[in-house]
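Order of writing sets the chain letters: A, B, C and D. Residues in each chain are counted from 1.
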Amino acid sequence: MTEQCVVLAHHGVRVMIGVGLIGAGRMGQVFAHHLAVGIPDARFVAIADTNPENLREVSARFGIAHTYNNSDELLARDDVDAVLIVTPTNTHAALVQDAARAGKHFFCEKPLALSLQECDAAIEATERAGVTLQVGFMRHFDPAYVAAKEKIDADMIGEPVMYKSIGRNPRRTSLEFAAREKSGGMIADMGIHDFDAARWLMRSEVTRVYSQGACLVYPELREVNDIDNALVSLNFANGALGNVDLSRNAVYGYDIRAEVLGSRGSLRIGSLQHTPLLVLTTNGVTHDTIPYFMERFGVAYAAELRDFIACIFEQRPPRVSGHDARAATAIAIAATRSFDEERVVELSEIAELRE
Amino acid sequence: MTEQCVVLAHHGVRVMIGVGLIGAGRMGQVFAHHLAVGIPDARFVAIADTNPENLREVSARFGIAHTYNNSDELLARDDVDAVLIVTPTNTHAALVQDAARAGKHFFCEKPLALSLQECDAAIEATERAGVTLQVGFMRHFDPAYVAAKEKIDADMIGEPVMYKSIGRNPRRTSLEFAAREKSGGMIADMGIHDFDAARWLMRSEVTRVYSQGACLVYPELREVNDIDNALVSLNFANGALGNVDLSRNAVYGYDIRAEVLGSRGSLRIGSLQHTPLLVLTTNGVTHDTIPYFMERFGVAYAAELRDFIACIFEQRPPRVSGHDARAATAIAIAATRSFDEERVVELSEIAELRE
Amino acid sequence: MTEQCVVLAHHGVRVMIGVGLIGAGRMGQVFAHHLAVGIPDARFVAIADTNPENLREVSARFGIAHTYNNSDELLARDDVDAVLIVTPTNTHAALVQDAARAGKHFFCEKPLALSLQECDAAIEATERAGVTLQVGFMRHFDPAYVAAKEKIDADMIGEPVMYKSIGRNPRRTSLEFAAREKSGGMIADMGIHDFDAARWLMRSEVTRVYSQGACLVYPELREVNDIDNALVSLNFANGALGNVDLSRNAVYGYDIRAEVLGSRGSLRIGSLQHTPLLVLTTNGVTHDTIPYFMERFGVAYAAELRDFIACIFEQRPPRVSGHDARAATAIAIAATRSFDEERVVELSEIAELRE
Amino acid sequence: MTEQCVVLAHHGVRVMIGVGLIGAGRMGQVFAHHLAVGIPDARFVAIADTNPENLREVSARFGIAHTYNNSDELLARDDVDAVLIVTPTNTHAALVQDAARAGKHFFCEKPLALSLQECDAAIEATERAGVTLQVGFMRHFDPAYVAAKEKIDADMIGEPVMYKSIGRNPRRTSLEFAAREKSGGMIADMGIHDFDAARWLMRSEVTRVYSQGACLVYPELREVNDIDNALVSLNFANGALGNVDLSRNAVYGYDIRAEVLGSRGSLRIGSLQHTPLLVLTTNGVTHDTIPYFMERFGVAYAAELRDFIACIFEQRPPRVSGHDARAATAIAIAATRSFDEERVVELSEIAELRE
């Protein structure tokens, strides 16, 4: 998006942000859908994916003419103002540099990176290029999390003293994806949302972590050195306490909850009920549960994209910055190390790693 | 309870109200239990029942020495200050006269009577004898109903404009009891609690009713001329509307609900969950339901007895008077007639019956 | 949609249904949104509205080039295969005839008409022209209602014996709209959804109704001869009972519920909670409510449009036909008459009106 | 209770267990109430308390003639078969020895003791004397916990892999009681119920703990070296994980929850709603919360006493033994040490302490 466009926008002439999608897999298709149907100010221009099948399917489904089997050609287009990076995590570092160098704003699906060095490099490249970088922590756009944050900021529960977060998937991920070098391992991969929300809701940095984990339900995960259940304890700089419970075997549904206990009240986020229907029989009262993440966070995915486009238009910083990604990544690294080494880990140890 | 006792009570000497139980069947045993264990100011003195087995069982269980196969002997005891009449409805009229004549305060399980004439006779006998008469509409002592009434009186929902009440049993009553001449029929027998609560919560008299009913699940009820489902529509003197839904086939549990919609809010009474436990499996989320009336209203039965004793001590009128019983009975009679004659019935028609 | 298109569609060539929107007011904009962003097989071609402001706003917002201040020009377009009629009810009759004569499939927002004559005329015109007519009873596309219907059809609750429906708006409608000749009056306008769902869920026709109504909260509604609260009792052909409670003063939120009690269980549809967040303070536990119909039925509006387009493609009958609209209208007319004449009304009376 | 009594009991002659209450403070009065009114097979014989006011009040309220300002005289009575020890924790050790020596069965309110040595001494004394010792972990008698345990044992959720327990009080305890030497400190005093339930529900011993704690809301607790919030992480012998969250500032109510996640489902115990009433206004939907422990566990306190008496009659072991108390105490000691020393603590360290 050039200066000229912004000026035009301010004069009431309708300009559209041209958007390119890099990565058209499962999550890429979610964003493609929202781009295609939900964000009036964005024009969905082009798609890049190394997998020709993904490329064919997504371009056909949403009627996108320009498709590429590599990101360079997409980034070379003048009518692409912004890109969505929705590729495997280990490709983020290079793509981020390419996008920044090409002067494109970019939204990067979480995690931005698995190492602090890569986070720092992404932040530096973004700042150098003067482009907007937003990271895909969509909970910042979920109505329940947003309402909770507003109530905390309005002092409705007094000073937050305890944070509890539950992140449970209804089934394990693929063995291929679970591998530590690809996903960062369960604690990092699943927990990063909870670590990010911890800083955001508690308004304080995490200073110390202690993790426990085990492979208790899917023994095959041991082959790729992964686990299926974990508990991470947190200490915050302001003295508050917290913990995060992660599981891959919530066979009953997608169970995402958070709780912030304050000195004068408490907030509980989360619901298991998907369809507002109760069935009453001699077996009791039954309702369904939320199947998976799209049913729970579909609205938030659309909202974060909308806000990304709006941030570019309005030249304001995104709600979830590279610095936020870096801080959550640091907690994830510390929590993973705590599990590996069976000991309490100070966040200051991780920060020092960087040097 | 003599004047002397009250005087003593005021001087700090502990006096106990001697209580006799007339009727030791299912509901009689509920009251026997509360008398035996829950009401410190009452002394459980004697039991009368025509069924020797009931008599033997209840006296043994609660250690009551004085048992009678007729009420006269019990009423003749000087140490009986008050009696609980928990016999079949068609015996209430005579017992009420006997109790009043003997100068005993009395609590009468609902319904006080099936006809307005009998209600009037009970009220007159009570007034003549200067004794306390309380009727067993225990919802006036249920914490949820009481809290709702207080909120209505505190103007928390503005002017009540609609009343909805649901009364559903998990199974049909016995054919013997269902007979119209014994129970008054389903609309009267089950609905009388809802009609009573209608007047109490809406603070207005019912002026018109329209009933529908059918025998849809238990065809054998037709043999005794009863039904298993009914809907009764109500108009109140102040213009408000209401209805009552009754069913004998809530196989999932004992389902008692009420709702008062006001001009500035609404109140909903009722819960189906008995045990605070959720079971989450691939079948969804399940909890149990409230099995039957003791699990739902056990606390209210104890509270109404306690208040009955307290009313005698404190010489104040009971929360549920003979007049309340008469008014609820009038609605029950009108609603039953509406069903029988398939037409809207004005309460004024019923009142005239009395003459 | 010509025969040729269907043939092409079957051969895998992508064809789109060209859709025109007639009426771009509040509800028209809801459908415009879904057309613009949510229904891939439909192409949003043109808009007609007598209000130039509506026309300008909607065409600009969704980038629709062809706009008309009358429906005739829109109906004359060859690239319009189907139209959505979302105009005031009193204009439906003429538009329906025009659309059918032009050979356009049409979706008509509820109510199809306020009289049975007009319903019949619409059905006849549709059949003559061989076009698809779908009526906007969107509850047939709401996940909770659909799941309930499936469970009833799967015999999960046995034979349905009682139907209860609650339809409450958070505030009154405009006085202009409330006028009987425009809206049909509160019982018809609000209740028609509940009457329609009654037939659908109970799988039996309504044979008799009795209505009560009053103007209790908004006295200004009396000026236009409307009311703000109503209760309608229903009898079904199969013996089942039912009622519908309607209110314009559910100031706490949009409260839509339904309950089907069967011989072996019960189903309850509805929820008041919008955001999955509980606030716990010394005032107790609080959550928000559903603000209004878009938050409750937004998904259903999109689904009914999608299914309308699919029905045209697949040449199958719509889920909600003109006959369904006629039957619900008959109940609405009977219920309104019952209120006007303060008596029980047989549906057979209404059917005879037609001759 | 002598052998003779048991024989008599088996021959149908009614015998009563004579019960003495040692300690008539807040919890003592709870048990006095249940003894007086709820347990037919027990005869409430005598009370001992060093506080003459407690003694006077409780004896008057329940009509108990025999009162003592020391426990020795009460233990000397032949008609006292069993005693309830409901005194401050630091007096338990001596009373337990006295009771066992006197051949009395005894129920000891939790915690049995603050040290493993005292637990061991109590167990040994009990075994030597051949009397029944039951400890007051009343959750074993709460219907929700019992139902959860039954479902776990029936394999309804597969193998338990994660345990989560929340124990929150609506306000802080008195500074006098909070003192470490009196209460054992917050983690031990409040957490012991959660540690006990951990072993019971998870069917595995705790092997390792890690605690965090802070004084965040009531700074005055620092004066007595106590805290107001704590989190304890648990590892179980079978590999499962768990944690316990404790707080003194749940100002909204008494919040007791537990969750057992298994390989095929999950169980959630707990409810915050006390009265089944919803208030719906423009502020949303509100209900009350459970005020404090008597409202939540009143039924369980009665049930544990009843079962204690039944165990004596039936000569069967109690549901909660001295060994259970010892095991929970070991976790409490380890968890407190973990907090004090800011490190992970192995349970084996604690066991070794004993030698």
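Going forward, a residue touches a chain if its C-beta (ideal position, glycine included) is under 8 Å from a C-beta of that chain, and two chains touch if they have at least 3 such contacts.
Nothing here was measured: the structure is a model prediction, and the numbers come from that model.
Looking at C-D and B-C, the interface holding more C-beta pairs in contact is that of B-C. For chain A, the chain whose average C-alpha position is most distant is B.
The distance from the centre of chain C to the centre of chain D, each centre being the mean of the chain's C-alpha atoms, comes to 58 Å. For the pair chain B and chain C, the distance between C-alpha centroids works out to 44 Å.
Across the assembly, chain D contributes 250-252, 264-266, 273, 280-282, 288 as residues in contact with two or more other chains. Only residues 158-159, 161-162, 164, 168, 210, 212-214, 216-217, 228-231, 233, 235, 239-243, 245, 247, 249-252, 255, 261, 263-266, 342-344 of chain C touch chain B when the two sit together in their complex. Residues of chain B that touch chain A in their complex: 250-253, 272-273, 280-289. Taken in their complex, chain C has these residues touching chain A: 36-38, 40, 61, 143-144, 147-148, 151, 156-157, 264-271, 273, 275-282, 288.
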